[in-house]
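Across the two complexes that follow, subunit A remains constant while its partner is subunit B and subsequently subunit C.
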Partner chain A sequence: MSDRNVSLSSALKYKGQGPYLTYILHRIGGAMMAIFITTHVLATFTEMQGWQIGDVINDIYISPPFQIVFMFGVLFHLINGMRITILDLFPQQLIPYHRQAILIEWIIFILVYGFAVVTTITTAIGRMS
Partner chain B sequence: MQTKARTLPLSKRGMSFETVMWLFTRLTALAMYGFIFIGIVGAFVMGAQNDMSFVEVLRWALMPNTGHVTYTNVPEISPYASMFWKSVASLFFLTAAGHGVHGVVVILDDYFAKPSQRKWIRFWNISIVAVIIPIGIYVIWMG
Partner chain C sequence: MEVTIKIFRYNPEKDKRGHYETYKVEAHENDRVLDVLELVKGHKDGTLSFRRSCAHGVCGSDAMRINGRNMLACKTLIRDVGANITVEPIMGLKVAKDLIVDMNPFFDNYKKMLPYLINDNPLPADGKERLQSPEQRARFDESTKCILCAACTTSCPSFWASDEYYGPAALVTAHRFIFDSRDEGAEQRLHVLSETNGTARCHTAYNCTEACPRDIQITKAIGELKMAMVTGKID
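Right after this comes the complex of A and B.
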C-alpha cells in the first residue's frame, strides 16, 4: 500500500474528458447524498422531539435553491449509476460503446434535471400565490 | 472511438471481498431503482397526477415517507402513510445505508492511504451508520 503520489492541483488539471467527469460527478453526488441523508434523518428526529434546530435544517432542505443544487447531485448519481450497472451487466457487448452510453446519459440527465428544475421553481411560485 | 472491452469472468476473478462488494454495490443499486419505480407507480395509483408536481413525485419516490407529502396539495395523506409504504421506505433506507456506507469508504480510501487512517474511516463510517439506521427507522415509522 503506497501513499497518494498525485497532488490535488495535478488531479484537478487531469484531462480525463467525459468518462472522468462522470466518475468525479458520481462521487460528488454520492458524498452529497451521504451527508444530506445523515443530517436530514437527524434533523427530522430532532424536529419530532420539538427542537427548533431540526426545523431550521429541514426548512433549508425544502427550499428551492437547495433542492436545485442537491437535485443535480442526486439525479446525476442515479442516472450515471444506471449506466454503470447496465454496462457492467453486459460488459462484452456494451463497454466498447461506453462513450456513446455517456452521451445518452447526459441527454437523459439534462432532460430530467431540466424538468425537475422547472417544476421546482413553478411549484415554489404556485405555493406562494 | 470504440475501445476493446477488458473483462474477466467471475470464475477467473475469484470471489474476493472486493468482488463481493462490487456485486453488492450493483445489486443494491438495482434494488433501489426498483424501490423508486414502486414509489412512482404507487404515487400515480394514489392520484399524484392531480395533487403533486414532477419534483414532488420524485422526492416521494426517492424516499416514500409521509413527510415528503405534507408540503404538497395531497388532500388526504393517510394512503401515503400505510404500513406498505413504511415497509418500502424502511427497506429502501436500509439498502441505501448499505450502499452508501460502502461507497463513502471506497471514496475516502482513495484519499487516505495509511492503514491507520483507513481503519478510522471504517470505524467512524460504520459507527455513524449504526446510529443513523435505528433513528431513520424510528423517523419512518413514527413520523
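Right after this comes the complex of A and C.
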C-alpha cells in the first residue's frame, strides 16, 4: 500500500462538496489550457514544416465540439480564478461567505458559458448552410 | 436498527496492502460511529485498532474518513450518515494499523509554528498578568478552538501532494499566536510561513473548513495570514 495512504482515485473520491468540486474543475481547466497551448505551438511548427499532422490538429481546434468542451475549461478557470482572487483580497469580510460566492460564480458561469455555446453552435450552423 | 459498517483493515505484520471488512451490528440511530466501532471491537473482532480517548469531541483522537469525508467518530451520529457506513483512515499520513495513522509528520509541522507565547519583555509593573482587552482576545478566539485532530490537514489536497506542506492545522496555530496582542513572535512565524511550504501552498479548496469538527473558519484564518504577509500589518 502507498506509504502515505493517498492516491489520485482516493483524492478524487474525497467528499469535499461544492468548494472541492470547483477546486478540481479549476485544475482541469488549467491543464486543458496548458495542453492546448503546447499542442497549438507544436501544430504551428509542424504546419510550417509542411507536415500534415499540424493541419489535423488545427482541424480539431476549429471543430465546434472541441470548442464547446475547451470553453468550459477556460471560462470556468477564468471565473473561478476571479472568485478566488476577490475572496483572497478581503479574507476577513468575504471568506465566511464563500458558499454564497460559489453560488454566484456558478450563476455567472452558466450564463456566460451558455451564451458561448449558443454562439458557437449558431456560427457552426451558419457555416454549414 | 441494523448498521452495516465497512472498515479499512491493515495489519503491517500480515498484510501487504489494506483491505476492507464488513460487519453488521445492532445500533440506535442516535448512537455515534464511535459506538459502532466499539461494538465491532468488543463483540465481533477484537483486533480492530482505532484511536479514541475522551469520546466527546475534545481530544481529537478519532478523526477518520466516514463515508468519504473527514469527521470525528465521536461527534458523528448514525442518523446523519445512514445505516451503511464506510470508515477509512485519514489520508496523507502513513497507516500504522487499521484506522491508526502515524501523526508524527503532522506534529512536526505543528512544532515549526513555534506554538507557544513568545514575549521577552519584562512583566507589567504589578508583576502579574499581561492584560488584553476583550476585542484583542476576540481577534484570535476562533483559532484557539483547534483540537489538533488533523481532520483539516488530511483533507487538504496540497497536503496529500506533500507532507512537507505545513497544512491547515499548523497555519491555524500560527494564526492563534500571530494575532495574540501579548505575543511578540509574529515576525519569526511569518518568516516560517513565507517559506515554500507555507501559506503559498494553500489553494483555497476549502476542504479544511468543511472538515473541521470545531467549525473553525480555517481558510479565513489562512487568508488573514496571507494578508499579514503581503501587507506586513497585523490588525
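Note that the second predicted complex is superposed on the first by the 122 of 129 C-alpha atoms of A that agree within 3 Å, B and C clash if a C-alpha of one lies under 4 Å from a C-alpha of the other, contacts with A are read in each partner's own complex, and residues count from 1 in each chain.
The rule is short, and it goes like this: a residue touches a chain if its C-beta (ideal position, glycine included) is under 8 Å from a C-beta of that chain, and two chains touch if they have at least 3 such contacts.
Source: prediction; values computed, not measured.
Visitor: Under the stated touch criterion, which partner chain does A:I125 make contact with: subunit B (first), subunit C (second), both, or neither?
Guide: neither
Visitor: In the overlay, answer first, second, both or neither for which of subunit B and subunit C A:V41 touches.
Guide: So A:V41 only meets subunit B here.
Visitor: So in the superposed three-chain picture, is A:I110 touching just subunit B, just subunit C, both, or none of them (first/second/both/neither)?
Guide: Neither subunit B nor subunit C is touched by A:I110.
Visitor: Check the residue A:Y23 against both partner chains and state whether it touches subunit B (first), subunit C (second), both, or neither.
Guide: second
Visitor: Looking at the overlay, does A:V6 come into contact with subunit B only (first), subunit C only (second), both, or neither?
Guide: Touch status of A:V6: second partner only.
Visitor: Tell me the contact category for A:V74 with respect to subunit B and subunit C: first, second, both or neither.
Guide: Once the two structures are laid over each other on A, A:V74 reaches subunit B alone.
Visitor: Have a look at where A:I60 lands relative to subunit B and subunit C in the superposition and call it first, second, both or neither.
Guide: neither
Visitor: Tell me which touches more residues of subunit A here: subunit C or subunit B.
Guide: After superposing on chain A, more of subunit A is contacted by B.
Visitor: Look at A:K15 in the shared chain and tell me whether it touches subunit B only, subunit C only, both, or neither; answer first, second, both or neither.
Guide: Touch partner of A:K15: subunit C, not subunit B.
Visitor: If you stack the two complexes on chain A, which partner ends up touching A:Y97: first (subunit B), second (subunit C), both, or neither?
Guide: first
Visitor: Mind sorting out which residues of subunit A both subunit B and subunit C touch, each in its own complex?
Guide: 1, 3-4, 84, 88, 91-92, 95-96, 98
Visitor: State the interface residues of subunit A toward subunit C in the complex, per the touch definition above.
Guide: Answer in residue numbers: 1, 3-6, 10-11, 13-17, 19-20, 23, 84, 87-88, 91-92, 95-96, 98.
Visitor: Which stretch or stretches of subunit A touch subunit B in the complex?
Guide: Against subunit B, the touching part of subunit A is residues 1-4, 27, 30-31, 33-34, 37-38, 41-42, 44-45, 48, 62, 67, 71, 74, 78, 81-82, 84-85, 88-89, 91-92, 95-99, 115-116, 119-120, 122-123, 126-127.
Visitor: Which subunit B residues qualify as touching subunit A in the complex?
Guide: Interface residues on the subunit B side: 1-7, 26, 29-30, 33, 36, 53-56, 58, 62, 67, 71, 96, 100, 103-104, 107, 110-111, 113-115, 128, 132, 135-136, 138-139, 142-143.
Visitor: What does subunit C use to touch subunit A in their complex?
Guide: 10, 15-18, 65, 67-69, 89-95, 101, 155, 157, 160, 163, 203-207, 209-211, 217, 219-220, 222-224, 226-227
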